[in-house]
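Note that subunit A is present in both complexes that follow, paired respectively with subunit B and with subunit C.
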Partner chain A sequence: MKFERYGLGLIKGMTVTIQHLLRHPTVTQFPEQRLNISRRTRGNELIWSREKCTGCATCAKTCPQGAIEIVTATNLADNKYEVETYRVDTGYCIQCGLCVEACPYDALFMGYSFERAKYRRGDLVQTDDELLESPERPASAYFHPEIDEKLPKQTLLIDKIVEKRK
Partner chain B sequence: MAIVDFIVQNQLPMQVVPPDWPGGYWWHWLFFTVVLIGFVLIMVMGVIYVERRGLGRMQSRLGPNRTGPFGLLQAVADAVKVLLKENIVPDKADKLVHWLAPVVAFVPVLMIFAVVPFQNGALLADLNIGILYVVAISSVATVGVFMAGWGSSNKYSLLGAMRNVAAVVSYEMPLVLAVLGVVLVAGSLSMNQIVLAQDIPYILFQPLGFLIFFAAGCAEINRSPFDLMEADQELVAGFHIEYSGMKFAMFYLVEYAEAIAIAAIITTLFLGGWRGPILPPWLWFIVKVIIVFFVMVWTRATFPRVRIDQLMALAWKFLFPLALINLFVTAIQVLVWPDALPWIVIIINFAIMGILILLWSKFFKLGWGRLEV
Partner chain C sequence: MTTTEMMTLKTEPFVLNFGPVHPSTHGVYRMRATLDGEVILDIEPVVGYLHRGIEKLAEERTYSGFIPLTDRLDYISPMSNNLGYCLAVEKLAGIKVPERAEYLRVIMAELQRLANHCIAIGSFLNDTGAYYTPFMYAFREREKIIDLFDMVCGQRLTYNYMRIGGVSQDIPDEFLPALKKIVEGMSRWIDEYDFLLMQNEILLARTKGVGVLPRETAINCGISGPVARGSGVNWDLRKADPYSIYDRFEFDIPLGETGDCYDRYRVRVEEMRQSLRIIKQAMNDIPAGPVRADVPHLVRPPAGEAYAHIEAPKGELGYYLVSDNSIAPYRCHIRPTSLINLTALREMVKGWKVADLIAIFGSIDITMGEVDR
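For the complex of A and B:
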């Protein structure tokens, strides 16, 4: 005789919900509290290094959206091949990370930030110096695990519950 | 006129005015009408807060916490928002019915509170048939709901309203039978007298009656798990799908006012009403109402919605026979052992409840050979 079928199941369910009521809720109040996201996230921006870039345009060829535009020129004075414009329309970017994986000179990184919404479509097009790494635009460790140590460890919601129970 | 003559000739007690009330009859009515409307409106805001926060925490969320301290003003913000919204009436709607429905639904709910005692003698009308009046009045709200469903000329709202009518008609019977058990023990139909008779809360004398009343009450006011008439996933919103603005606010108000009314009746009938130590009686009453409402929220957070055939089967195959047997057993107890020690009766009644629930769960079947509930 299974008592779950005779009303005990109802009581079991009720105890589960009351336990949920008494424990700490598993939520983050977003603008005030923030969780650290995964260190290898593919955030919604692209970090470009002017020093390492040789202008080979592998990234532009591999981009499935054709969002990367690269213009190169020969600098006859220095006898060098250099990048004139590097323009990414992040509105087309699907954060696939193929450009980062394809870059033979480690000049491209995915961004670590994720709050990069813009009010105007034109603002999504980023050119040259807007793409460089800066404290506001840290690079993610995606495909570059050596950056891992620079970034904070990911926090999980489950940690918050455990922390509250102690 | 015939009823009044009958009452006068038979010298039936009609205690309408408490003897020490200054100004007499009309002041009493005016005062309590204002108090009741204020009570219902404020309590609705309170229970909406309790429901949203409590339900949130049970689902591991926080619930509204941005508007005002601890989100206390969320109900006010929602009310303002809904009042400022455009009032849309469907082109093919029956305009008069559509317009009248919220009023017809709201007024009976408000009228229930007329006989609910806040403390000894503190009620609008101490009818000697108080609980009968409640049973009679509370069903009228269904007419409003059906008017809303019909008048909107929308298939979903009509389906929701039909389901509501079916549920109310079915669940009215176990509800009334459960009430009768209490009436037998108390020996009076007056709500005030029932509270005065409860030296021990009747939830102990009538545990089965309490469970039946709670389930049937939840079904009657269409709270989860019996909220079939506004089953969001099937019927979008049920009977009030075509309502917006102030009229929608009225239905929202009715939903929670009904829940408070059922909680108040449960408090009065089973939990000893306003009686309790230390705290003032009216505060005890409100505390008990909130506790009962919280249990409703708790069941809402826990149980999944039942199907329409399960809803009907539960009413007719489970609650109705149990309520009949409960009434029978109570009648025997009241007639044969009127002077039995209370704790013996309590133990017997709890034992009977356990045995009956086990037996009827064993017999309970749905449809054509479906074995498990």
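For the complex of A and C:
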């Protein structure tokens, strides 16, 4: 029995282990640390603008799932056509973004947020004011390139790896 | 019992159920295998656990409203599904796609091929015993591509990027520099992968000569994609029937010789290299301009029928559409790649052991979303 090369493999293995011990950590500690998601994220809620919406219901016609319900009425006093109810059943929504694309008045946006889980099925049906933009529900730049600059730049894995090699 | 008595022992076949929930079946697929000891005598596939009636759903939706549902067919490579469907509608309605959109489509389809083959070879190696390490590295490479898809269309799995007459949006400014970095890094990674695994003795022992699919059987069963090319069938729709702008690019079709698991695996790795070549050429030539033809939201193609097929990562994917001049297709039939490739499984596994069944099954690379539709 020869002991000439005894422990060589062990040393090789340990070198790799030590290299990994000393290198920069790869894991991002969510939720304390966060990566930026894509600016065009099709997040899990629609954002609706009451001012811009004319009640044409193009979005409801385009929706492949039939998740958008819109009720309009003529206001005889002002002689205006106004939206009575705008209701989105987020439970049926598949986040395809076709409604945002179809809206001729830029009144619909995809949501940029992604942690919007609900405890009840009924909470998924959102009506009127629940659909407006708010600080917790920012709008995404999907089909709205004018918002692009307001949102942070997306973190790419390829950039992270190149940074670490330096 | 003496040895001679054991030799003459009468054995009888028994039936063993694989799946529907089994880590190696890549979804809800069930095989009723008839075994004699460990040798497979016959298998009987049971499909339909994931049936969602997507072809019927197409008849109830508008032409563009069906695009998000094509993502759910082969959910490993939704871009290719989108492309095939949009080509079929464009053929039906006679729509011309702008130049830039054609280039973007090719780039996306080839990136999708890379991402799909990352999963295919990763999970194949996972099945053959290289437990999770190559799988993890393959997923890391795929993650870089998914990042790009997320950047252009805002979703990581169901992209819904292609549209009738082009693509949905133009790429952002940071897309091409990031793509360049990925293409460079990817070829290095493939070489490293090759070096580590191609001469690996365990891998060779488990895949060389295992699950041979003869050339004639492959043609007769209608097999396409890397499975057919692994058996030496020179059939790649990008060359055989060039769609989109594939006739402008220079690339080779890698072919296997014997048609065993190892050849199918090698063909996939080589195809990744060829995809990188196509992406490099498309990246350099991409012109400026619009990305979408002037197509109304509700497309109303003239009455008629059209069949468009593309070379999806898994093989030939075809869409057959019948129009009655309304806003929804009268009939939509999908020629799924995975289902037809799966028909050859029975011929391949007969006479092999249970452990080989897992390797052979993994080498076909199927997605259950496409098999059951």
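Criterion: the second predicted complex is superposed on the first by the 133 of 166 C-alpha atoms of A that agree within 3 Å, B and C clash if a C-alpha of one lies under 4 Å from a C-alpha of the other, contacts with A are read in each partner's own complex, and residues count from 1 in each chain.
Criterion: a contact is a pair of C-beta atoms (placed from the backbone, for glycine too) under 8 Å apart; a residue touches a chain by one contact, two chains touch by 3 or more.
Here the structure is a predicted model, which means the values were calculated and not measured.
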### Query
Can A:16 be said to touch subunit B (first), subunit C (second), both, or neither?
first
### Task
Kindly classify A:137 by the partners it touches after superposition: subunit B alone (first), subunit C alone (second), both, or neither?
neither
#### Entry: Partner, of subunit C and subunit B, that touches more residues belonging to subunit A
C
### Message
Applying the document's contact rule, which stretches of subunit A touch subunit C when the two form their complex?
### Response
37-42, 58, 62-64, 94-98, 101-102, 110, 140, 142-143, 148, 153-154, 156-159, 161-162
#### Entry: Contact set on subunit B toward subunit A in their complex
54, 56-62, 65, 298-299, 301-303, 357-358, 361-362, 372-373
### Task
State the interface residues of subunit C toward subunit A in the complex, per the touch definition above.
61-62, 64-69, 140, 143-144, 147-148, 150-155, 158, 160, 168-169, 172, 174, 178, 181-182, 185, 297
### Query
Which residues, counting only subunit A, touch subunit B once they are in their complex?
5-7, 10, 13-14, 16-18, 20-21, 23, 25-27, 29
